[in-house]
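Across the two complexes that follow, subunit A remains constant while its partner is subunit B and subsequently subunit C.
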Partner chain A sequence: MFGEPIQALNNALSGMINTLRSDAQALDSLWISIVTFDREVKELVPLTELVNFQLPEITCPQSGPTNTGKGLELIYQKVTAEVRKGTDTQKGDWRPLFFLFTDGKPSDIQLYREMIPKIKSLHFGAMVGCAAGQLADDSMLKELTGTVVHLDTADTNTLRQFFKWVSDTIEQGNKSMGTVESVALPPPPTEVHLVI
Partner chain B sequence: MDPKLYIEKLFEVKQMPVAPHQAALFEEFCSNASYLEAATDILRKQQLLMDAWSLNNRINDIKRQQVMIPNGTVGKVYGAQLDTTGWGWQDLVLLELEGLEAIGLAYDPETQQIRGIPEQNGDFKLKLKFKVTGEAEDAVPNEKLIPLIINPDPKSLWKTTPSDNTDPFWKADETAVSAPLGDRHIVAASKRGRSHANTGAFRDDDFAFAHFATSGWSVVAVSDGAGSAKFSRQGSRIACDTVVQYLGNKAEGGDFAELDTLLEAYNTNTGTDLQKKISLHIYQALGGAAQQAYKEIEAFAKEQGAGIRDFHATLIFALVKKYKSGYAVLTFGVGDCPIGLISKDRSAVHLMNKLDVGEFGGGTRFITMPEIFRDDLSGRFGFKFVEDFTALMLMTDGIYDPKFEVEANLEQVSKWDGFLRDLEGDNADLARVNLDADNPDIATELSVWMDFWSPGNHDDRTLVIIF
Partner chain C sequence: MITRTAGSIITKGRTYQYVDNGEPMRGGMKDVYFSPDRSYVVAFYRDVQDFNSRERLIKIVTQYYDSFFNKEGGNYYKDLYSWPTDVVELDRKIGIVVPTYNQNFFFRKGYATSDLIRGKEKEGKWFASPKFRNKQFPLRLDESELGNWLSYFQVCVNIARGVKRLHAAGLAHSDLSYKNVLVDPVSRTAAIIDIDGLVVPGLFPPDVIGTADFIAPEVLSSKHLDVKDPNRKLPNRLTDLHALAVMIYMYLLYRHPLKGGKIHDLDTEKDDLLAMGERALFIEHPTDKSNRPKLNQLNPKELPWADVTKVPYTITGPYLKALFDRAFIDGLHNPMQRPTANEWEDALLKTTDLMQPCSNAACDQKWYVFDNTNRPACPFCGTPHKGTLPVLDLYYQFRESVWKPENQRLMVYSNQYLFQWHANRNVIRNEKLTQEQKVPVGYFTFHQGRWVLVNQKLDSLKDITEDKEIPLGSMVELTDGKKLLLSKEEGGRVVIVTMANK
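For the complex of A and B:
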């Protein structure tokens, strides 16, 4: 992702953070972490309480591999280590939500496929794969999660709509539910196609 | 650089190097003062360009450098130190930091600190005016924008939107009641959590109680509808009402006569045989009530063309009866709502049920899950015979989460004592519930007490106290 799309992504993401900041429940309980994956996999922002969260600009190289598998590997490590499970003496965190955003397809397919069952074993409250633009591969994301949305264009308006939906989804994430159920997703905006 | 050397290098670069046989000629050339001066002049101007360029670069780098200062929150004391050392700004003279006044903050150039109490929330850009060492005294100061995020005061964000009272499953957003219960007294309050009020959602919690005078049994039930299930408010209502009605019918119909005999004998004969018999009765009576709650909800869901999971609700209930030698307390529970029995002298507490708590927040089990009845139910019952007690309390997680946090604390009498003291007015709001049967305002007091503020805990709250 490069040029206008990445700029649009930054704007939309920052808009989403602002929206969440004005949500009473989110401001009280939401923690966010951002991992970027291209040639390199990087924890851009470690898990941070929304109150203290500051969004840095996301940059991507113009070309090179998309190491989605490596990205998943890091997510797996981080979630395993950082999300607190409920015990007799420790309050459990709400189930984490996972949003994966890509405009390409995994270059490290073998690792990507190896990581899928591990990621699934983390029991995210919701897992949303978002494929942006014509080059993004929906079918690869489908292997990871049943919820894949496709954005035809990655312009500011589409992304803003998408992230509005993401924040609506996040706001669904803190309700009591059966121990094995997942979060009910709100209907996606018209700019977003749910890939069936 | 030596001007003479510069001239020699210049000729070299311009492809006219001084050849060995021209050495004497070059020496003579360089003895001309005006040439040397010209070279010196060039060198000086070069230096000037170099200095200006690196200064410009430096200023540009500083302007582009991402520096972060901590976020603030409206109404909360803010203090941040500009980390000039960490940012590598040793060569900077900071002059002013503009844009703070409008937020309600101030900058102290001496200490390079921002202080104050923010009054406004938003994404602000502060304007830092600075100079870099080497800049002229009269140079226009440089400007750098530094982002500062001020969060809104979380309390200010909560809205109270009434729920839709034309909804077929509507219930009052809050309710509080007190009444005699046999020879004891009961006070109960249930109110919509801020997270529900914020979106105009319904109260999902419910409770019900009754005293059956002929048999002497009292029944009290509390249920918490799952936030994720669309008709859970109705599920919790059916669950509570069914249990009270079912057990009332059984009690008044004489079904507990044998249990009464066993309980009468309990204090004088506590052999395992008697225990077993009592357990069996509890299993049948309370298990039957729980199953009836499931059936009623299932039938109702079917009638509505909905799934039973749309009615997901937890359920705890207790039966209490006074005998000559004391009180029998029988309980059942599914979900994450505790029942606590506090001893007469407040020196002991008995947690009547084990909570269903998942590894993630909000994860629990519901009376509406058929597997509850397929699994072993026996761990879900509680029984205690006590001479007297201070209070029997049933609460939903809206109270338990903020006041006890974790299950282990429910076993600690100190926590329950703290909870009682909290009710007695030991809290930030100085809200007090005078647990006195003659107190006419007791229900209102409990309702007011229940408005306590606890960050992150904005679920429906229900608390029932038998005292």
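For the complex of A and C:
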């Protein structure tokens, strides 16, 4: 991701963090971590309580491979190590939510496919794949999760709407629950296509 | 940004404008749009509303609206609720029209350190979580937003009154929660919103089971059953009473009464379901201590409130303790035992008569409840009470020359007022009081080294100990053991003075 889309992404992400930081429930319970994956895979921000979270500028190289598989590998390690499980004496953490954002397709397909069952075994509370732009490959993401959002363009407005939806998803827990069991995800904004 | 118009389905030809900027505020079920002048909102249901729901909404904005507000005393309730005034339809979507909340329910300052939430709604969660009042928390609320401990008693009185009135009309709110009750400790008010989910037993079933933290145990433990299963428990008046009790506990103690250290299951979600449902247990249960919060696992930003040994629920005084026991011990799994909204209102009001200002100017809470000891001290900052402390116990005439205790007292502090509802048991301290009844009849003050009661409006105040009338505009000294008759009229009370902290 390069140029305007990455600017727009940074902008939208920071808007989302601000939305969450003005939500009492989110401030009370939410921790966030960001992992980027291109040629390199790195944990850009380690798991941090929302109140102390500082969003860095996300940058990507102009060209090169997209190591989605390696990214999943790191996520798998981190979640396994950092999300507290319940024990006889201590309550566990809530199930984490996982949002994957990409404008391309995995270059390391074999590793990507190897990681999919492992990632699924982590039982995320929700797993959302977001494919932004014409080059993004929905079908690869759909192998990972049933919930894939396709953004035709990665412009500021579309992204802002998308991240608004992401924060709605995160905030879902403090809203009224229906008498009949329903899908946990709120309906996505109108500008994006939800591929299910 | 487009201004749209939706028509009332009740009054033909009446229309409402709203501004559609493509990004409505999103509630659990509705998308909310402001009117151009922001004096009301139009909230559209995202899902198609069936016949029953439409009927319910129509009834809420017509019949129930009239019976709540177009009667004597109706104005008082206008501030307690954000009640829908009309039902509209546009493109087969049903919406309700609701007046915008009073200005006091929006943050004037918000966070102490930034403007991020200035102008945002004062949802209850801001005031129920201890973090937002911890001086070490980077996004804490500004001190000007927090009020003092007494403020929350008045806030809770308003919530209890709002619930009481609904229940008196045979209605249940069904989803009392942080989101649905706005609170303002600055003006000491509260407003119940999201009235459109009202449940009328037998007529309109609930469509939500409530919001996490406030759902009654019986509702959670039966939520796996089908809606039509006879054993399935859905929100009703009694589950409102659970939510009300939780809310009052949280606004006074800033922690959840059922969220303790007990582990029910290694799976977090199952554990939570059991802890709030089938196996719910009061964290301060006097004999079963297995759900006490584990001190080593508490977030330091939640102290001291999260520590039930430092801030036990008994600091709320004897009347509220008794009700918390009924709500979270006897009535937790036995809904019929839960205190009614009216009982909460009464206990909260009686407790405010037990309150003393803390003499430590830097005390965060400023007020505390007299703990019935001879050496009272503020439970929050530890500052001992300075000087003598007159305690007035109230008695009523049971029969000629026999007086019985009311189980009610009034703690005196300088500039404390005496009202008709103290002087006469036939005057009930509730929202129906007339303006005249809200005028003090006397006041207490520490004058030249003595505690005195100054008589402003008591026609028949009498010092029984000295057998002396106390006419209007004169004063009587409060001494240990002194008996005063406050009124000779029917229902008039006698007070007996005890001097504490001698």
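Definition applied: the second predicted complex is superposed on the first by the 184 of 196 C-alpha atoms of A that agree within 3 Å, B and C clash if a C-alpha of one lies under 4 Å from a C-alpha of the other, contacts with A are read in each partner's own complex, and residues count from 1 in each chain.
By definition in this document, a contact is a pair of C-beta atoms (placed from the backbone, for glycine too) under 8 Å apart; a residue touches a chain by one contact, two chains touch by 3 or more.
Because the structure is predicted, anything quoted here is derived from the model rather than measured.
Q: Examine A:Asp168 and indicate which partner it touches, taking first as subunit B and second as subunit C; both and neither are also allowed.
A: Touch status of A:Asp168: second partner only.
Q: Is A:Pro56 in contact with subunit B, with subunit C, with both, or with neither (first, second, both, neither)?
A: Touch partner of A:Pro56: subunit B, not subunit C.
Q: Shared contact residues on subunit A for subunit B and subunit C?
A: 18, 21-22, 24-25, 27-28, 51-52, 85-95, 174-179
Q: Under the touch definition given earlier, write down the residues of subunit A that touch subunit C in their complex.
A: Spelled out, the residues of subunit A in touch with subunit C are 18, 21-22, 24-25, 27-28, 51-52, 85-95, 161, 164, 168, 173-180, 186-187, 190.
Q: Mind pulling up the subunit C residues that touch subunit A in the complex?
A: These residues of subunit C touch subunit A: 22-23, 26-29, 46, 116-117, 120, 123, 125-126, 129, 131-132, 137-139, 175, 177-180, 194, 197, 205-212, 215, 227, 234, 261, 263, 265-269, 271, 294, 297.
Q: Touching subunit A in the complex: which residues of subunit B?
A: 66, 68, 70-71, 73, 121, 123, 147, 149, 151-152, 154, 157-158, 194-195, 198, 224, 226-229, 309, 312, 336, 356-366, 369, 397, 401, 405-408, 455-456, 458-459
Q: Quick one: which bits of subunit A touch subunit B in the complex? Just the residue numbers, please.
A: 18, 21-25, 27-29, 51-54, 56-57, 85-95, 123, 125, 172, 174-179, 181, 183-184
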